[in-house]
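In what follows, subunit A forms one complex with subunit B and a second complex with subunit C.
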Partner chain A sequence: MNQRRFLVYICAVLLFVWSIVPIYWVMNQSLMLGSDALYVPAYFFPKDPTLANYYRIFGYSVETKYGTIRPSGFAPQVMKGMINSLLVSIPVTLITMAVATPVGYALGRYKFRSKNLLVMLLLGSRALPPVAIVIPYFYLYQFLGLINTVQGLIIIYTSITIPIITWVLIGFFATLPKDMELAARMDGCGRFTALRRIVIPMASSGLAASAILAFLLSWNEFLYSMILTAGSTAQTLPPVLPAMLFMQFDATALFSATVLTLIPPIFVALFFQKYILQLKLVDPVTV
Partner chain B sequence: MVEVKIENISKKFGDLQALHEVNLDIKDKEFFVLLGPSGCGKTTLLNIIGGLEKQDAGSIYLGDTCIDRLPPEKRDMAMVFQSYALYPHMNAEENITFSLRIKKTPKTEIQTRLKETSEMLGISKLVKRRPSQLSGGERQRVALGRAIIRKPRLFLMDEPLSNIDAKLRVGMRVELTRLQKKLQTTTIYVTHDQTEAMTMADRVAIMHSGKVMQVDKPLDVYQKPNNIFVAGFIGTPPMNFLDCNLEDRKDGGSLKTDAFSFDLPSDMYNLARKVTPSPLIMGIRAENISVSESKKNKDDIQTEVYAIEPLGSEIIYTLSFDNHLVKAKAPPNLLLDIESKVWISIDKTAIRLFDKETGKSIF
Partner chain C sequence: MKVDFYAKTTTFVGFGNYWDAITNPMMPRYLYVTLRFTFESTVISFLLALGTSLLLNESFKARAILRVVVLLPWAVSEYATATIWRYIYSSEIGMINAFLFRLGIIPRYVNILTAAHAIDFVAIAYAWHFMPLIAFFLLAGLQTIPEDYYKAAKIDGAGAVRRFVNITLPHIRYAVLIGLILATMEAARAFDIIFMLTSGGPGSATSTMTYDIYLTTFAELNLGLGAAKSYLLIILVLAFAVMYFQALTRKER
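== the complex of A and B ==
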């Protein structure tokens, strides 16, 4: 028993190191000035921690112990990218949830003809590698005038998120107890009212988790943004970061931009978290 | 007046015939119980009455109106589910008043009815709690409250007492019956528990593999079972069955099993004689077999004690003779050892006779 426990701890520590240490390292570096950050051996805790890099990313020059440092050359792109990313990800999340919730409910709860085919097609739409269709998209978007636009990205991103989130929700709705919905019908609700007043509130934890997932899928999307909006005013944040690496290497500015990229998803997760743990379903048998 | 007429209802799930041409007439203000083993179709029938499932054939009438085409929300029936199905995101009060709020009932009336209902059920202090903070019995009451507050035309109850502990269940049985008599609302109650059916019902319908076997008052079902299924299903311990044949004699007849035979009174013989000479099954309840340590009548049968179940108020003996086992009820002061030899005497007037082929009761 003790041995098993020991193994569990080892795994937990490995998992922690695997997922947290890289993030910690980026934060650690982002709080130091250039020459301290690149110093070998590296400082595990930031030496003379400062927010200077963050000011620089927002376009301010700062006074430091090494003298005045000018704003990062990427400041306009990072800020614009951040705004664009939000302008894309928030609508994508909302549209995805508005579409995937009823579709997932219908596919998860009701039996009807060619249901399996529909589910297969839904997933099949995601089976192509994105790289294979990005060039056709490029020509199509050029033709439609959607290239270099936020709207264009929203359309593509919803085509990615809706199938995936629907897929997740089908399983979720299928496992949700059915009696409450039937009770609502007996209590005088039509199908739609029962869905709105009973099923959706009961499903809030699954819906919240799905919304986080939809936001992340959209927030992190790199390829389409890179090909369809690169260099334009519609570019989202992800393609900006590697550009900083290749065009004008400024390690600490890159690190602080990376940390900034992490922040909105954290807020989104925190916002939805309260729905995830809030609801205890009642199981009458195990009372 | 709320009479429910169920006409030729059939329902199939894939290859399984869940209901087979079920006909029932449920009277106004009646507490009507659907009783049967699990899988007999009783819950399906209840769901069809409530509109939660659609029958393949047949019709349901409420009074004179056919309600086949009405969706559940328009049938004005309240259902209590086996799982209670309380809305987990609402507290008890919101659960109870949900149907009224859906109907946009004025707030003052909702409050009055909530007060009335929660007092009737003794849950006034619990109304602010969520279902997860309630005990099983309390949830049960909230689920009942949700049904009662609506003053529906019909109550449908699907094994509402099966998930609460045994002691509470006995109390709730009595309360539920009283409540129904007070509200005077026609009630259809599904259960697999024959004690519930016997104690609560005005009339019982016994179901078996999608068919109604018998509809009668509880005591009639017990005393005059229509067929061998009902005879074996109702009663604890179940009725004893023995294969037998009718033997004719000049002045009447006798009933012969492979272990014993005895003369039948002439009226019983005449009834039995009406059936073509086919194998019969004799049924006798445990309380109609008396056990004694000595032979008292010429027809008494010698047996051996096989198992003993002392229940306090009585002892149930399982007795064996000639590869047969029968159960007999004995007073608690008759203490016998296992494998001891005893005599049993069968009360002939209490014998039920069934046609072995059709299972139908002869008398």
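== the complex of A and C ==
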């Protein structure tokens, strides 16, 4: 038995290292000044750790041991990008929850004809490659004047989030106990009142987890925002990274901007881990 | 349809674009890279996820912390994953090179992303990002198994392997299938990771079908051909999906 304990701890340490080292590495790089960050062979721990790179991408100049460092040329894009990312992600989360909650409830609680087909279609929408979908959207958005707008991005993001969140909520609603709702219905509650007063409060933790997931999905989306907003005033945070990499290479700005994009995901991992196992993965087809 | 951006005209070419896409001499290459990437990243992330979920199902100290840490790579976006791993593999300032060099294993920096194996390393980076999702699916499945089953099997003298095959696997079958479906389809659709990690290079060693579609459409501005190519990709991904759904529904009976 002791041998097994030992094995478990060894595996746990390996898993910890595998998961954390890449994230540690980019943080390590982002905390060093240019010539230290690009030093060969690389430092495993930040040499003279400094937040100078973060000041740079937010448009401040910093006094360092190598003299004054000017703000990064990408500073306006980073700041505008963060604001736009929030302006997109928050409405997407709200719209997704408003649509997915009733749909997930209906599909999770009631049986009706062609329900399986509907669930299959929800999952099937995931089969379409974004790089293929974006071509007609690109055309359509130019025609409708939605290209380079935050609204256009919100619309296309909900087409990603709604199917996934609905699918997650189907499983969640299907596993909630039915007694309370039935009792409320017996006492004369209508379907909507029962949903609003009984089911949604019971489901609040699952709904919170779904909302976090929706936010994360839209925060992390890359291709649509690059194709549909890059270079415009509606540009979100993701397209700034390839600009730093391919257009005008700025290594330390790239490292610190990458860390910046990781902040919401890290919070999500902290909070979501409790909920993710509650989102029971029941087979929506057989429910 | 052939679109000319400068003259603002469109010409109907029938199935010409599909013919161009299929007869393109690079097409088998892109297909091969896509399939290799999909297969490798699915296998790696699935095996890692299986190990991870079995480990996280054990009770030990610091399990709660480990669960958070394991979930982290999944929460990190695909493009950030690619950016991070770009500087892990880099032949100039990469972490792996620095590590091996400082340990004295390699005398000078080596190029990790060679034409022959770059796609394998991209698949590892992708598996790092995708593994936690499958692991938590499997873990959710594992937690529905009553402890008594294992006790009973032990009393009956079943070994660890028998217990795994006869008790664990049947219980997590659905989670396994969903995990495989998602891993395969997401990998076949993956674009961000290729774009930010290798940009299809060196040469065309990591050019998947998605990356080729992107270049055709938004670099060469050949929208018609790009659309034709994306239909071919959709057919490929749907073929995977149908295959899995067949397996899913057959086993249910």
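Convention: the second predicted complex is superposed on the first by the 251 of 287 C-alpha atoms of A that agree within 3 Å, B and C clash if a C-alpha of one lies under 4 Å from a C-alpha of the other, contacts with A are read in each partner's own complex, and residues count from 1 in each chain.
Note that a contact is a pair of C-beta atoms (placed from the backbone, for glycine too) under 8 Å apart; a residue touches a chain by one contact, two chains touch by 3 or more.
These figures come from a predicted structure and were not determined experimentally.
**Q** Check the residue A:9 against both partner chains and state whether it touches subunit B (first), subunit C (second), both, or neither.
**A** So A:9 only meets subunit C here.
**Q** For A:45, decide between first (touching subunit B), second (touching subunit C), both and neither.
**A** The answer is neither, since A:45 touches no partner chain.
**Q** Between subunit B (first) and subunit C (second), which, if any, makes contact with A:112: first, second, both or neither?
**A** Neither partner.
**Q** In the overlay, work out which of subunit B or subunit C sits against more residues of subunit A.
**A** Counting residues of subunit A touched by each partner, the higher count goes to C.
**Q** Return first, second, both or neither, reflecting whether A:249 touches subunit B, subunit C, both chains, or no partner chain.
**A** Neither subunit B nor subunit C is touched by A:249.
**Q** In the superposed arrangement, does A:204 touch subunit B (first), subunit C (second), both or neither?
**A** Only subunit B; A:204 stays clear of subunit C.
**Q** Which partner does A:219 contact after superposing on A: first (subunit B), second (subunit C), both, neither?
**A** second
**Q** Report for A:143: first if it touches subunit B alone, second if subunit C alone, otherwise both or neither.
**A** neither
**Q** Considering only the touch criterion stated at the top, classify A:193 as touching first (subunit B), second (subunit C), both, or neither.
**A** A:193 sits against subunit B, while subunit C stays out of touch.
**Q** Shared contact residues on subunit A, subunit B side and subunit C side combined as an intersection?
**A** Touching subunit B and subunit C on subunit A: residues 279-281, 285.
**Q** Which residues of subunit B touch subunit A in the complex?
**A** 50-52, 71-73, 77-79, 81-89, 98-99, 102-103, 130-132, 135-136, 139, 146, 150, 156, 163
**Q** Where on subunit C does subunit A make contact in their complex?
**A** Listed in rising order, the residues of subunit C that touch subunit A are 51-52, 55, 58, 60, 62-64, 66-81, 83-85, 87-88, 92-95, 97-99, 101-102, 109, 128, 132, 136-137, 139-141, 143, 174-175, 178, 181-182, 185-186, 188-189, 191-192, 195-196, 199, 210, 213-214, 217-218, 223, 226-227, 230-231, 233-234, 237-238, 240-241, 245, 248-249, 252.
**Q** Give the list of subunit A residues in touch with subunit B in this complex.
**A** 177, 179-180, 182-190, 193, 197-198, 201-202, 204, 279-282, 284-285, 287
**Q** Which residues of subunit A touch subunit C in the complex?
**A** Those residues of subunit A that touch subunit C are 5, 8-9, 11-12, 15-16, 18-23, 25-26, 29, 37-42, 44, 120, 123-124, 126-132, 135-136, 138-139, 216, 219-223, 227, 238, 241-242, 245-246, 254-255, 258, 261-262, 265-266, 268-270, 272-273, 276-277, 279-281, 283, 285-286.
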